[in-house]
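Each structure below is given as structure tokens.
First chain A sits with chain B, and in the next complex the same chain sits with chain C.
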Partner chain A sequence: MAPKTRNPDLIRGIGKYSRSKMYHKRGLWAIKEKHGGKFPHHDPKPKPDVAAEKPPKFYPADDVKKPLVNKRKPKPTKLRSSITPGTVLIILTGRFKGKRVVFLKQLLSGLLLITGPFKINGVPLRRVNQSYVIATSTKVDISGVSVDKFDDKYFAKKAEKKKKKGEGEFFESEKVENILPQEKKDDQKSVDAALIKSIEGVCDLKTYLGARFSLKSGMKPHELVF
Partner chain B sequence: MVKGRQGERVRLYVRGTVLGYKRSKSNQYPNTSLIQIEGLNTKEDVAWYCGKRMAYIYKAKVKKNGTHYRCIWGKVIRPHGNSGVVRAKFKSNLPPKSMGAKVRVFMYPSNI
Partner chain C sequence: MPFKRYVEIGRVALVNYGKEYGRLVVIVDVIDQNRALVDAPDMVRTQMNFKRLSLTDIKIDIKRIPKKKALIQAMQEADVQGKWEKSSWGRKLIVQKKRASLNDFDRFKLMLAKIKRGGLIRQELAKLKESAA
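Take a look at the complex of A and B:
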């Protein structure tokens, strides 16, 4: 909010009050009085000694333009108001399309952290983009689950060390270990344990999450209430 | 596309028909196609579908990327007229043989 100006514009560039009137309005006479007829004067702080700069060895022939500084900090993606922790989402795309899945939290990258739970519909802990998901009005109680340890780094691909290829190694394909580490399986189990308990408490929710969503004949998405 | 597994067939798209190109009486403009989406009858209904992606899927004799099926992606731009017809722009213009062919209108990017 712009602070209230003491000197409103009559026209752009011309204020309502003259210099002397503004002096009075700003109360500079009161400040002078308070400090015995003079304005308060602060001595400049002693600056730390700057090392003497050497003249540069090289001056470019033409003036080189420096690119402007970019101070923009991207904000995390805005989460739709219909998506809250514990909402059941329908995935629209990918190998799990049509699956109904529980939303856990939004990660720093803006992606949504979801889980099947794995035992119910085979969807593991996964990240999904908000645009490829429909939020339903069904909510699951998620208070028993702690999701603090999951962030984008947990899901990042393991960086493979670049090895210098010798001649012999060109013909051997490196066997990349792609088995899911036991730690991730345990994480899945611990997150799902609390979730499944709260899901089984609600009538039919388990079969609902196990079933896939599909459009049938006569269904019009723009008229459906999810 | 049918992958080599016996998955459940879920339809997560709305069927649409390509009616032709945007045109006046004697000139047509192939960069925009007109699509009739199933179940849409008025201009107001179309608002939900604006921006949704669609795919024109066709078959070819030569296998590309391991499959005979090929696809042109596009999206719904705006309604066309008062009766639920929709204008769509595709990555590359639809071929003339697509007139009367089916198009899949997906439900993403979703806003629900």
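Take a look at the complex of A and C:
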């Protein structure tokens, strides 16, 4: 908001009131009276002593250009208004393309946390980008599910220890243990338990989530209501 | 062979082009060779080219350019909306609108229902074939 001016413009550059009138309007006379004839003046705070700057050891031959100041802060990803917790989404890319899936929440990175549920269509707790998803208008009741423990760190890849390979080891590839830890399996089960109950409450919703979406002959995506 | 639906005062028509697409209107006056004055209960009376109108079978009994109240009353007495919704043309339009507004889940349920119906039909047919054979 622009600060309130006591001196409206007659024309740009010319105010309505003169200097003396403005002095009176601002009440500087009253402030002076209050403080015994003088305008209150605060001495500047003593600045801490700055260590004397040493002259640099090295001056570059040509002028070095400084990069411009960048004060940009990335904004949090805006979630489409059609996507609310419990919305059924259709995934469009990746190994789960066409699968209808339940949206749980948006993570800090902007990605959407979804789950199949796993028992119904084989989609685990997973992150998905908003752009690769169609939001349908079907909503599932998600109130029995607690999603607080899931964040981006939960899905981060485990940092592998880098080993320097000697000559002999080039031919022996290490078997990477890639079994899903039991903890993640339990998380999946606990999230899905409440979800599956509310899904089974709606007729045909379970088979709906188990089926893949595909465009059939005559379907025009720009005319379809999702 | 001869025409059955005439442009006359009181003829109910369907708008087939423009902003008022899909609305049922009543021809309330004829302006000239190409245009008619047209009115509906929830619309401001306007002129429209005949090319934008598709005439229906329904006709109501009104005088030239009736007041809005008189028009609404005449339409109620003739039960225009009811006759329209019972006519095959009207029913087709309603079905088209319903199909266009189906949600993805609705389309899925529709597919299941069609499969079920087909199954029942085939069962009955098989029974009939057996009894005939």
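General observations
Quick note on the criterion: the second predicted complex is superposed on the first by the 209 of 226 C-alpha atoms of A that agree within 3 Å, B and C clash if a C-alpha of one lies under 4 Å from a C-alpha of the other, contacts with A are read in each partner's own complex, and residues count from 1 in each chain.
FYI, a contact is a pair of C-beta atoms (placed from the backbone, for glycine too) under 8 Å apart; a residue touches a chain by one contact, two chains touch by 3 or more.
Not measured: the values here are computed from a predicted model.
Under the clash rule set out above, the superposition-derived model of chain A with chain B and chain C shows the two partners fitting side by side. Of the two partner chains, chain B is the only one touched by A:80; chain C is not. After overlaying the two complexes on the shared chain, residue contacts for A:226 are found with chain B and with chain C alike. Once chain A of one complex is fitted onto chain A of the other, the partner contacts of A:213 extend to both chain B and chain C.
In the superposition on chain A, A:205 makes contact with chain C only, while chain B stays out of contact range. With both structures placed on the common chain, the touch criterion links A:97 to chain B but leaves chain C unconnected. Among chain B and chain C, the chain that touches a larger number of residues in chain A is B.
When the shared chain is aligned, no partner comes close enough to touch A:189: not chain B, not chain C. By the touch criterion defined above, A:137 reaches chain C but does not reach chain B.
Remark: in the superposition on chain A the angle formed at chain A by the CA centres of chain B and chain C amounts to 50 degrees, rounded in steps of 10. Once both structures are overlaid on their shared chain A, chain B and chain C have a minimum Cα-Cα separation of 12 Å. In the superposition on chain A, the residues of chain A contacting both chain B and chain C are 213, 223, 226.
Against chain B, in their complex, chain A makes its touches with residues 80, 82, 92-93, 97-98, 130-135, 212-216, 218, 220-223, 226.
By the touch criterion given at the top, residues 8-14, 38-40, 45, 47-49, 106-112 of chain B touch chain A in their complex.
Against chain C, the residues of chain A that register as touching in their complex are 88, 90, 100, 136-138, 204-205, 207-208, 211, 213, 223-226. Looking at the complex, you find that chain C touches chain A at residues 100-105, 108-109, 112.
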